[in-house]
Amino acid sequence: MGEPLLEVRGLTKSFGGLIATDRMDLDVTEGETHAVIGPNGAGKTTLLSQLSGDLRPDAGLIRFVGEDITHLGAPARSMRGLARSFQITSIFKDFTALDNVALAVQAHAGSSFRFWRPARRERALREPALEVLRTVGLAERSELMAANLAHGEQRQLEIAMALATRPRMLLLDEPVAGMGLDESQRMIRFLQSLKGRQTILLVEHDMDAVFALADRISVMVYGRIIASGRPEEVRVNPEVRQAYLGEDTLL
Amino acid sequence: MRTTIRASLIFLHTALMAVSPAAAAETVKIGFITSLSGPAGIIGKHMKDSVELALDHLGRKVGGLDVEIIYGDDQRKPDVGKQLADEMLKKHRVHFVSGIIWSNVMLAVAPTVTQAGTFMIGTNAGPHELAGKMCNELFFTTSWQNDQTPEAMGKYMQDQGIRDVYAMAPNYAAGKDMISGFKRYFKGRVVDEVYTKLGQQDYQAEISQIRAAHPKAVFVFYPGDMGIQFVKQYVQAGLREQIPLYSVYTIDEVTLPALKEVAVGIFETRYWSPDLKNEANQKYIGDFRKKFGYTPSFYGTQSYDGILLIDSAVRAVKGDLSNRKGMIAAMRKADYKSTRGTYTYNVNHFPIQNFYLLKTVKGAGGEVEMQIQKTVFENHKDAYYQDCGMKW
Amino acid sequence: MARSPRALTLAAGVLMLALVPVAAELLDQPFYVDLFRRIMIFAIAALSLDLILGYGGMVSFGHAAYLGIGAYAVGVLTHHGIANGYLQWSLAILGSALVALAIGAVSIRTSGVYFIMITLAFTQMLYYLGISIEEYGGDDGMRLAVRSQFPGLLDLRNATAFYYLVLGILLLFLLLGQRLVDARFGMVIRAARSNEPRARAIGFSPYRYKLTAFVISGAMCGLAGALLVNQTEYLTPEFMHWTRSGEIMFMVILGGIGTLMGPVLGAAVFLLLEDVLSAWTVHWQIILGPFLVLVVLFAKKGLIGLVPDEAAPGG
Amino acid sequence: MILLVLEQTLNGLQYGVMLLLMAAGLTLVFGIMNLVNLAHGSLYMVGAYLATGFYQWTGSFLASVALALAATLVVGIVVEVVALRTLYERDHLDQVLATFGLILFFNELIAIVWGRAALYSSLPGWLSGHMQVLPGVRYPVYRALVILVGLVVAALLYLMVTRTRLGMLIRAGASNRTMVAALGVNIRLLYTVVFGVGAALAGLAGLIAGPIYAVQPGMGEQILIQVFVVIVIGGIGSIRGAVVGAVIVGMVDTLGRAFLKPVLSIVLSPSAADTAGPALASMLIYMLMAAVLAVRPQGLFPVR
Amino acid sequence: MLTVDALETAYGDSQVLFGVSLAVRPGEVATLLGRNGMGKTTTVRSIMGILRPRAGEIRFEGRPIHGLPSYLVAQAGLGLVPEGRQVFPNLTVRENLVATASNRLGNPDPWTVDKVFALFPLLAARHRALAGSLSGGEQQMLAIGRALMTNPRLLILDEATEGLAPLVRVEIWHCIERLKASGQSILLVDKNVRALTRVADRHYILEKGRIVWTGTSAELAASEDIQHRYLGV
């Protein structure tokens, strides 16, 4: 293994008296699917938002492809190949599904300071967008308003938008949250299909999804990574079981 | 079917009648612009009531023709006045525009009206531009040129040997005219000239400055609402006993009901006073009090005079409203019963008239009123008529 | 697309506007040329506001500033004896674009109520600046000695020629606006309005686009200001009074936010209502006020919402 | 010169106190109900008219103050219940427009009832005099009283917000109204009470302003924008911010008008100072607001 | 004392609850279990009147409370400790407790600030601190104390141990046990099966907006399959 694609050192973020990220270190290697698990409120989404540039850390360093990106904003990180999905579905609700993805394509296809030609007639934007929709299985729903898609479909669209930016690394925030069993199975199968081709940092609660997808797992509690390793290692780690899965031993 | 056609024809006929200019000629249309809203609204009321009284006296006819008055509220804003004038000219097709309290409004309105070939009969504002370079044969005023009244006060104060005067006025066309008029005859030291925002209501900060400057006297021009506020606050601050106050267009029948005793002893100069003894004035004041229940002001007399002046012009051309030359010639004679007595017009269509010194006193009945003390100027001409190119 | 009810409404509206001078001539009511020219000028201002308000989600409560800048550009040059319209109007557009750039650069960093308030604050500054410059009439403002002159092209003193020029500009801006909002640029500002964090996450820096839209909008409104001062032939800081911003905003909402025809319709209905109501009673605002409240509460999509439309994607 | 500065400081304080009375209600409504209420100035106007009206009717200044305060409280509650309740859930744009509509309505209503011309309310004799503040400095009794009343009201408000249950609920509501309701507090009633109190304070400002300014339709809008500047500078929703903001704005505005011109004339030529002085003075508070927002986008005392 | 019958709730167009039915008896500790996004919090919010249910019936001590505004639901005797704690950050600890305190139903031995401090000594030490400056565990204790100060007949805790350090969680569980011992009825919403089987009497498992399993602690503890299928343990 060479240089990690993403390197986090001493990352710290607190809200008032609440320490959400506590001197955290994390490495993600090119090509792997790395899951961060932990109970709700452990600071997973806060971590992801700092990685994507939506939140400014109080201290620490984030390095991506060898470059220090700690002080870059979200758009700049997207341009460098970091794409995120949101835990609470975040799409352009009053645009069609295709528009949503085409916008993501547009952001990475030359200047958007173009004032005359209708963007909806630009094949260079529409065709790649449609292609991505096809990959996630939303091609038939492309002309529907995003707001009118089912919840699971909106989650798929969320991933499609991230993929359309052709990222080097995907940051996925609970991609199967709120999905029924069938929907989450489908999503998991789709994400499995990306494995190997796409580096993924996955924050997830659903253990089925995590163990189905992850090459490596880091366990986060109280803003800190308490253990990191291959799934089977983590599964048997007593510290993890105690901290994450229950406190029976203490009761 | 037939009735429908007939009805349509009648409708069409009426519609054509309504818009054809020939039909309009049977009525004199006068647009009267004044300030009806806000703090200055009280002045507008004086003027509007006087216009109505004038029409009563004329039997609701002007020059023998039916009359239609369109009132407009300029809100003391020149742009609003201009817009009103445009509307009166283009939408209502008025023959005369009259009224206007404020010189800044007048400067916006008068050229608009005269350029459209319509008469502008000013009944208060007299900015120096209109007396001089911008004078126009279609512009007449029944009031005065702004500088004249403060000239009288300047002369009086000069004669009294008063020195070190602090001068204040609102920051607009008339305010500057007033101070320059004052300085034309007052030769002592002007400690400071302060211009405040037109319509300002709180003068406490300025009053503090006056106190710090400790002049020998204060000269102000604060018409209408501004006068009420300024004088009250001047008294409240305890300056009245420290520094005497002289004013023009500040203490009058508009402000006295609000000021009452506070104003007693203050001097003003003016061309008119309720106690001016002539038949027209006594009739006007008597009927006005009877109809409206309060004492009229010079704003009212001027507006009343304005309607009478228009009446004299229309009468002279026997109702031929297209005869502009005839009407101009008639108005130049000032041939009507003015409340100030007889007067003549200067070449610039501004009156040549007397100016008096007035004092606020407690009258016999205990009410506070203004009384003429003496005549400061007789047949006083304004300082700008030589700049006016009109010859007649 | 071409046959949608809205397209027909647009065509009918344009036809009607084009016929106003003819009708006014026939009825011998030249006043209506003035009235409808005024309506179209405010329609341009409202349209410019809607570009950032409806499409960009920026609640600018200081749009009257650009009306003022445009008007002052014309008025000041005329005051110094330069009546050349090309120069005046270029300055109006350029000047308001620059001011919009300055105001936008600061205010777009804030959001919500603070954006409303800071745009208002800047406009108040300009308003008081206008009031204090004695040279250009201060409080009183000043008459425009002559209308802008376009030697060899047309004469604005001719009410009809001026009318058709304004109509032409309005139509041009409608077309430009349509292209703008559908082009890549428009997609970005609409996306940023719809969901700014998402727009950032896919790689757009909304700030630059919003600022550009803000500047374009300011420039358009500046031209409206240049037209307005020619219309009234009077320059006054009142053009920049905050209630004017409120009125323009109301026109947008009344007509239909986030559409191009909406602001035009809104301006027409607002000013006609004002004309009709004020002729009927001096207390017309007691009707207009509650009407405004009702529109806000119950006609969320504005009047244009009453005209059916094919589900136009990407509001 | 020192006496002049002192006197102008008093003037600034007096103006600041008026702003504070307006700002207190507005900032609470803004902060806890998230409502941009442009019509707050109308309540100020209503207070001024009612006080003037009651004074003419009763002939007693103190009685008119009491009656006008009670009446504006009622008017405020009626306005809240009838018109504003539905606006809490709307976005700021809707609120701005709807309350702009209310302004037109109120101004016109007042114009119909009292006419468009301004009313002048006079003061009873015991208030219309002046007092010796320092040797050589006389200050109007009424304005001194205004300052005193304002400071007392500010202190009471501060105690109310920091010490009482109502104050705690107001602050709690500003940060999380759902939770306040879920813990058994009738938040609607709380809103109505707060709005009523805010209205009464605006009414108090209005009736105080009556004898200083002209009582006329539209008088509320002349002060409203300044009040917005106050609460934006202070931090929306913060009473402390409103107090500090009001004093700052009152001082900056008054002292700017009084001293900017002379100060500038030291640096610039007199004619340039004549032009720039008043221009800068009237822009000063807006520049201040822009500067504060540039450095602290949530105002000086952010609520959260 | 609380019965929920065929509750349906939607956010706009998307329905989240499809007929949830459950009941809590006086003095008992019941739980609502389920993975994230299954509708647990939506159920709580619907009960509390924060969300308006589309259909179904909610009764508390025999009185229908569905459709009531949330303050009336609370006044009827329900005390909420919400998901994410939601203390008032700009109020001090003491103020948080006092601001909404009440005893409308006439608890003969009402909660006081001192009693809450006795239950959570950590809070007593910080009573003048702003709630926003507390640690997560302290905030959770404060949120529980705040709800207790309304003297509720039924206490609802939504994800009360989420994201807390193990030691703190243990303290919270001990506190709940003590409350139970004092006769307090409690509805717990959580994912923490092991701890819950000790504290609680009965369990409801929520899956995609429906109750899919009900049983006692013993039954739940015995059924590895149910635990795995619905709770991912």
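Letters A, B, C, D and E mark the chains in the order given here, with residues in each chain numbered from 1 onward.
One rule holds in what follows: a contact is a pair of C-beta atoms (placed from the backbone, for glycine too) under 8 Å apart; a residue touches a chain by one contact, two chains touch by 3 or more.
Just so you know, these numbers come straight off a predicted model, no measurement behind them.
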Any chain that touches chain E and chain D: none
Of all other chains, the one whose Cα centre sits farthest from chain C: E
Maximum centroid distance from chain A, chain identifier (CA atoms): B
Approximate Å spacing (C-alpha centroids) for the pair chain A, chain D: 49
CA centroid of chain C to CA centroid of chain E, Å: 54
Whole-Å separation of chain centres (CA-atom averages), chain A against chain C: 43
Euclidean distance of C-alpha centroids - chain C vs chain D, Å: 32
Junction residues of chain C - those touching two or more other chains: 131
Multi-chain contact sites of chain B, meaning residues that touch two or more partners: 73
Junction residues of chain A, two or more chains touched: none
Interchain contacts, given as pairs of chains that touch: A-C, A-E, B-C, B-D, C-D, D-E
Of all residues in chain B, those that touch chain D in their complex: 36-42, 44-45, 73, 201-202, 204-205, 208-209, 211-212, 225, 228-229, 232-233, 235-239, 258
Chain C partner contacts - residues on chain A that touch it in the complex: 52-54, 73-76, 78-79, 83-84, 86, 90-96, 99, 103-104, 106-108, 111-120, 122, 143, 145, 161-162, 164-165
Touching residues on chain E, where the partner in the complex is chain A: 13-14, 35-38, 84, 89, 130, 132-136, 138-139, 159, 162-167, 169-170, 173, 192-195, 198, 208, 232-233
Of chain C, residues touching chain B in the complex: 27-31, 34, 131, 138-141, 143, 232-234, 236, 238, 282
Of all residues in chain C, those that touch chain D in their complex: 53, 59, 61, 106, 109-110, 112-114, 116-118, 120-122, 124-125, 128-129, 131-135, 242-243, 246, 249-250, 253, 283-286, 288-293, 295-297
